Each structure stands twice: as C-alpha cells, then as structure tokens.
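Please find the structures below.
Each of the two complexes below includes chain A, the first together with chain B, the second together with chain C.
== the complex of A and B ==
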C-alpha cells in the first residue's frame, strides 16, 4: 500500500510535466497567432529569469548584467542573421554571451555584495552607451533591421531553449556543482576552505547562465525585426529577472518559472490596458513583493501546504 | 559641475554609509526638485534660488517619511544587514519606477528648460555663465554647511556614531530609527538642493534621474563607500574629468564615467579614501 503510494507520488509530477510539455509543443496548431506570440514573450522572460537564477539563486550574488548578455545575443543575431542559418545564429548568440560572461566573471567575482551588484550594472550600461556612441559617431546609423522568422518557429526555438535551461538547472541542482554553489551562498570562506575552487565554479556557472540569455536574445531579435542599443540592452532586462525570480522565490526550480510567467503575463495585460500606468503599477508591485513576500510565491505555496498538513495532523 | 556631483554624492553616501540603503531612486528626487523649480519658475515666476529653499525641506520630509514607512519596516524584518542592503536596493528600484512615472504623468516626457542668469561672466580671462557660478557657489556653501553640521553638532555626532556601529550607538542612547530616517531625509534634502541648481544650467526631463544616480554611485565609490569627505572630494574630481572629456566629445562623458568606475572597482574597490 505504502509502496504504491510512493511510486504514485513519484510519477504524478513527472506525468504532469510530460502532459504540460506535450500541450506546449502542440499549442500553435489550435490557438490564434496572438496567443503564440504572447507565449513566446512569456517564455523569453522565463528563460532569462531561470538562467539568472542558475547563478544568482544558490550563490546569492545579485547580477544586474542580464541585459548585457541578452543584448549581445540580440546583436549577434542582427549581424549574422542575414548570412547564417538560424540554429547557428542562436548558438553563436549564446556562445558570445558565454564568453563575455567568462570574461566579466574572471574580472569581477572577487567583488562581493553591493560592489558586485553595481559593477554588473555598470558593465551592461557601459556596453549600451558605447554601442550607442559607436553607432551615432562611427557608422552613422542607429539601429538595424533583423531578418524576420515566422512566429511559430520563434515559439518552438524559445520552447527548446526553455526546456534546455530548465534541464540544466535541474542537473546543476542535483550535482556536486549545485551543492558547492549553495555552500558558496551560505558562507564563501568556509566553502573555499573545504577545497571548493570558488572562483572557477562561480565563473563557469555565471557563463552557463549567460549562454541561455544570449540564445534567447538571438531568437527574440528576429521577432522584433528592428533593434537598437536601447531596445537590446534596456536596463529592464537586468531588473526584470531579479524581480521575477524574487517574486517567484528562488528556493525551488519552479519558483522563477512561476514568478516570470505571472509577471510577464501581468505585463502584457497592463501594457495593453494601462500603457501610462504600467511602470507605476510595476513599481508598486515590486515594493509590495519585497515587503510582504520575501520568499516569493513559492514561500506562499509552502506555507499553505504546511498549514494544510498541520490541519491533517490535527484531525488524525 | 563638480560641486553638484559632490552634493548629490554626499546625499547618497549618507543614505548608504549610515542607513545601508543604496538608494537607486536618489536621482528621482533630483528630478522632482528640478521639475518643481521649472514649474514654479515658468508658472509663477518664482526664482530658482527661492525654490531651492522650498524644495530641500520638502524633499527632506518626503525622504524621512519614506524611510519610516518602507525601509524601517524592511530593516526590522531582514535577517542580516547584508540581506537588508539587497532588499532595500530592490525596494529603491521600485521607488524609482513609481516616482519617475508619476513625474511622466504630471509633466509628460518632453525635455524642458528655461533660461535664468545666463549672461556670461569673465573671471581672469576665463568665460563662465553666471548660473554656473551661482550653482557652484551654492553647492560649495551647502556642502560646507553640511560638513560643519556633521562634525560640530550633537545630531551630527549621533549620525556618525550610527554609521560606525548602529547597535552600540543605540546602547549609548541614540534613537537609531529616528537617526536613520533623518539620514535618509538629509540625502533627499541634498537631492532637493541639487535639482534646482541642475535645472538652472541644463535641460531636464523626467527620465534624467538614473543618470545622476549613477554619477552619484560612481563618485561615492571613487571616494570610498560611506566616507562623506571622500564623496565631497570625489565629486570635484569626477566633475573635472567630466569637463575635460566633454570638451573633446560630449557623447563620451558617460562612457568615460563608466570606464573610470569599472577600472576603480577592479583596482581599488575601497576607493581613494576607503579604509
């Protein structure tokens, strides 16, 4: 009886996951194009948030460089999209971000706390302003056109990157790397002391998380058709993942996914219904979440579950 | 420009050095000050120098209340001071969005400007516009007054004690929450002073805040996090560098700031005057 229950418990989430995946994979066949495009945008945010959480979740280093990695992917796609096939362009976008992150990582991961936060922000702003200056003064044209890809393809590519990002997150969490990262987050000195190569692990994880952001940027560029440094490197792409991950809660894998999905959907509704109040409402949500939901939606779910099980115990 | 940079950096330095709030919305208070001055000048014809005296205290009250309502609660709930620094940083991003968008609704997204005291003055062969000289004079006077306040008065002493060690300061009879709120208010006060001065010299728009926040952060890091004197001197240094770069290519000044900032963090993250 007990064994049946255990295996049942084990298989239900897996089955649920499979059904969800099949549903998502077949969705373009029976819904309107608008919904597919909406889902694509939501997936873009989920990918950025999940990959942000790969590094920043366990180590508690808050990175504000997501916009840099995303933007580099966007630009890679804009430059190479005309000559190379799509899968190579996307892989290349990811790879360039990966290398950029390795470089930033090696430079900065000595910095901690506040210094790390403002440094990562500074780097992504530096890239944005330099590109802007370059386009305005050297090439003389601000912005570029990107080769258009039909929206179903964009959707599938996003879905594939999303699944890959999720899979990597899961594997890292299960592995010794994940454990090492968590111990860095708990207490870095002692982690270094018991023989963890702190800098190497942080750098490589930072780069892995950047890879997915770059790939997402590369495919997203094809949907925007026109890009310039303000769009590609918008600081919002740095703030959003932090907010979404904290909103969802970084303790569980599904936290960032949930947070990003809810907020990205909310953004879509707010921008269409209240274009002028959207950012205002966003600021209010941000403050309310920080004040009242420090562990995010996941914390809320867990509290609710705990409350439920307590009640069960009381009944028994 | 150096004087203004020093002014806004001291404000930020006070908020971070004492209160551990890296206030990303600092520039928004500057923007509010600048726009209030613009409105008062164009609608009622009130001199920017009068607005300066009005804006500062109003910002102080707003800052004081924000700290009481928001950051004090956050501080009480945070497990450690590091966790508080992170969550207050994010909360101040929220403030940034709120203030900026309220301003966008009030004043629209247009670039505004007015001319005030824009005759040129010749000092020892160098030509300045009068408003720049007035702004510099005010910035220096305010900075000095503030420095004296911090070193010579009882409240200033309490603030410095709270910056050194909040827990011990509290044991010694400092009402820590009041002092922290006052510090945050004083930071906003500095922004409220800087706003009108900036509006006299430059064109303003509701999205200008972040740029000044970033400049303030760079200056604070340049002078050493938490060091008020460092921020004062750092402000003048960065202002000087900015003027030199602007002379060659105005578009490059922000880039130069970022480069300085990044190099500084890599080579000497504690700043010039840091411990």
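== the complex of A and C ==
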C-alpha cells in the first residue's frame, strides 16, 4: 500500500505537468486569438520572473537589471529582424543579453545589498537614456518598426523559451551549482572559504538568467510592431519580476510561475475593466498579499497541503 | 617541515595598525595556539592567511609557495581551511548540505556527488552530528553550530586548519568534548593553528603558543615558557 501511495504521489504531479503542457501546446487550435495573445503576454512575464529567480532566488541578490536584458533583446530583434530568420534573431537577442550580463556581473557583483540593487537599476536606466540620446542626436529618429510575426508563432516561441527556462531552473536547482548558489545566498564569506569561486558562479548564473530575458524580449518585439527605448527598457520590466516572484514565493520552482501568471492575468483584467483605477487596485492587492502571505502563494499552497495531511492523519 | 610561514606581515586599516611586522612559522603536524587580549589582531592575522583581507605588506607562504594575493577559494583549494569566530554556517541549509557543499567545492580535484555525500556523512559522524543531518543549521544550538563549522572545514580536506575560537561560548562539558575533537583531528595528521581564550584548553593541546599584543608578536614558546613569561603575565594572563 505504502509503495502504491508513494508512486502515486510521484506520478500525479508528472502527469499533471504533461497534461498541462499538451493543453498549452494545442491551445491555439481551439481558442480565440485574443486569448492566445493574452497568454503570450502572461508567458512573457513568467519567463522574465522565472529567469530572474534563477539568479536572485538562491543568491538573494535583488537585481533590477531585468529591463536592460529584456530591452537589449527587443532592440536586437528590431535591428536584425528584417535580415535574419526568426530563430537566429531570438538566439542572438538572448546571446547579447548574456554577454551584457557578464559585463554587468563582473562590474557589480562585488557589491552587495542595497548597492547592488541601486547599481543594477542605474544600469538599466543608463542604457535606456543613452539609447534615447543616440536616437535623438545621431540617427535622428526615435523608435523603430519591427517585422511582424503572426501571433500563433509568437505564442509557440514564448512557450518554448518558457519550457527551456523552467528546465534550466530545475537542472540548476538539482546540480552542485544550485547548492553553491544557495550557500552564497546564506553566507557568502563562508562560501568563498569552502572553495566556491563566488564571483565566477554569480556572474555565469546572472548571464544565464539574462539569456532568457533577452530571448523573450526578441520575440515580444515582433508582437509590438513598434518599439522605442521607453517601451523596450521600461522600468516596469525590472520591478514586475521582483514583485511577481515575491508574490508567488521563491522557495519552490512553481512559485515564480504562479506569481507571474496570477499577477499578469490580474493586470490584464484590471486594465480592461477598470482602466482608471487599475494601478490603485493593483497596489492594494500587492500590499494585502505581502502583509498576509509572507511566503507568497507557495506558502498558501503549503499551508493548505499541511492542513490536508493533518486531516488525513486524524482520520487514520 | 615548515607548513606556514609569515614574514613581516602587516595590516593597516587606515591609520590603525592591526598587525605589525609579525613573523611566524608553523611546522607540519604541530598544534600552535594564538593568544592575546581583545583587539590584538588575532582574527585579522587569520583573515590575512585565509585571504579574506589583503595584506598591506609582508608575505605569507604555504608549503613554500606564496599565498598572499590569492582569493579565499584558491587558498582553500590549496589545503588551508578555517572556521569563524561567530559561527557562520549556511543557516537555511541542512546540516548535511553544509558539509556536502564543502566536500564538493573545497578540493583541488573535482569529486563526484556520491563520493561527496559519503564523505559528508562520515564527517558528520566524526564530529558527532550524524543524528541531526536533516536539521536546518540555524536550528542547532551554538556548540553544535561550532562542530558543524569544524565538519565543514574538514570536508575541504585541509592539511592546515585555522580555528578561530571554536570553544567560545561553550560550557565546561562542551569544552572537554571540543578538546577531544581537536585531539582526534590532530591524530589525522592535520596541522592546527588556533585562536583561543580558554586557557586551560590551549595550554593542554598546544605544542607552541604565539602571543600577540597591539598587533605585534609579544612572545612565542611552549605553554610552560608562556605561562612563566613576565611580559605575557603582565598584559594578558594576569597574576
């Protein structure tokens, strides 16, 4: 009996995962285009949040550079989209963000706490304003048109990037790199003294997380059709992943996914139903969640599960 | 053989001289104590050896090789491990994971995960923490946190261990057990350099003692020589 229960427990989440994936993979065949576009936006937020959590989750370095990596992907797509095939454009967007993150990482990962947060935010803003200055003074035109891709393709590319980001998150968490990152997050000085090359591991992980943000930016640009520095490097892309990850809870892999999905959907509902009050409502919901759910939605799920198992024990 | 050697080691923090022209040498297999009043520069000297802080001047050699200027993780991989004055365990990780991380990353050559797991299990047994492997490090009492730090340091397979007050905050029974552990570590052939304030313990386990005062070396010798040294009695031990 026990063995049956164990294999049941083990296989149900896997089965559920598979069914969800099949559902997501076939969804464009039987729903309205509007829903596909909405799901694309939700996936964009999930990808940014999940990849933010790859680095910031275990190390506890709060990065506000997501907008920089996302925006670089957007611009890579705008510049190269006319000449190169889509998969290469997306890979290139990811790669440029990866390299940018290596540079930023080597520069800033010696900083800790507040200094790191402010510096990463500053880098995003610096890129945005430099680009704006460049476009206004050198090229003379602000913004660019992006080659349009049909929304089903955009959806599938987002889905693929999402699955890849999730897979990498899973692999890192299970690997020795994951243990090293958690050690760094717990006590960086001790981590260095047990032989962990903290600077190298932080930098490479930061770059891996940036890759997915850049790739997501590259594909998202094709849906927006027109982009400029304010759209591509909007500070919102730096703040949202932090909020979404906290909202979901970073302790489990599904936390950031859940947080991003719920908040992104909520944002969509609120902007369409209450266009004038949406920011206000959004803020209130966030405050309530942070006050009453310190461990995010993951904490809520775990509390509910614990309650469930207690009842089971009482019955037995 | 000279394991660790310091030549005119200096550390200034702005205008403050924390360590001043200190020469020291530690032979293989020795247990050497480092004592002195608070603020004498003992922990600073450890930080210079382990690479936490850069030296202002002077040179530190490990097995004849210069290690000043190396990063902490490089020094660790050469075979020098340390513990911290206030236990700095990975609080949110389990006791087992603490040891496992050190076992995986602390050595020059990469080690497979199953081997590291075996080693971590053995070491937890060695320090007497095998029953609490699944407990989060933050939930351990202070004496066990110190033991965990020792296990973590041992997991990097060191030849030289720097102990920064492993007995601070322990009750007499725990001190006795800590001394047993130190003897066991010494019997493994590991060289020990230890800062300690518990005099009874240090006099018993050390072959040699170095006394620091205001950043300079005040005296050096066997425990008997130190306890009878006039200068040491004056500034540190008392009558």
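Throughout what follows, the second predicted complex is superposed on the first by the 313 of 316 C-alpha atoms of A that agree within 3 Å, B and C clash if a C-alpha of one lies under 4 Å from a C-alpha of the other, contacts with A are read in each partner's own complex, and residues count from 1 in each chain.
Just so it is clear, a contact is a pair of C-beta atoms (placed from the backbone, for glycine too) under 8 Å apart; a residue touches a chain by one contact, two chains touch by 3 or more.
All figures in this text were calculated on a predicted structure; none of them were measured in a lab.
Set against each other, chain B and chain C differ in how many residues of chain A they touch, and the higher count belongs to B.
When the two structures are aligned on the shared chain, A:190 is found in touch with chain C, with no touch to chain B. Legend: residue contacts after superposition of the two complexes on their common chain; A:72 is shown touching neither chain B nor chain C. Contact with chain C, but none with chain B, is seen for A:198 once the two complexes are overlaid on the shared chain.
When the shared chain is aligned, chain B comes close enough to touch A:276, but chain C does not. Of the two partner chains, chain C is the only one that A:179 touches; chain B does not reach it. In the superposition on chain A, contact of A:213 is made with neither chain B nor chain C.
By the touch criterion defined above, A:242 lies against chain B but remains apart from chain C after alignment on the C-alpha atoms of chain A. Put simply, chain A uses no single residue to touch chain B in one complex and chain C in the other.
The residues of chain A lying in touch with chain B in their complex are 62, 107-108, 111, 113-115, 117-119, 122-123, 125-126, 129-130, 133, 136-137, 235, 239, 242-243, 246, 276-277, 279-280, 282-287, 290-291, 294. If you check the complex, the residues on chain A that touch chain C are 176, 179-180, 182-183, 185-187, 189-198.
Those residues of chain B lying in contact with chain A across their complex are 16, 22, 70, 73-74, 77, 82, 85-87, 89-91, 93-98, 100-102, 104-105, 210, 214, 217, 221, 225, 249, 251-252, 254-255, 258-259, 261-262, 265-266, 269. Taken in their complex, chain C has these residues touching chain A: 50, 52, 71-73, 76-77, 81-82, 84, 88-93, 97, 100-102, 104-107, 113, 152-153, 155-156.
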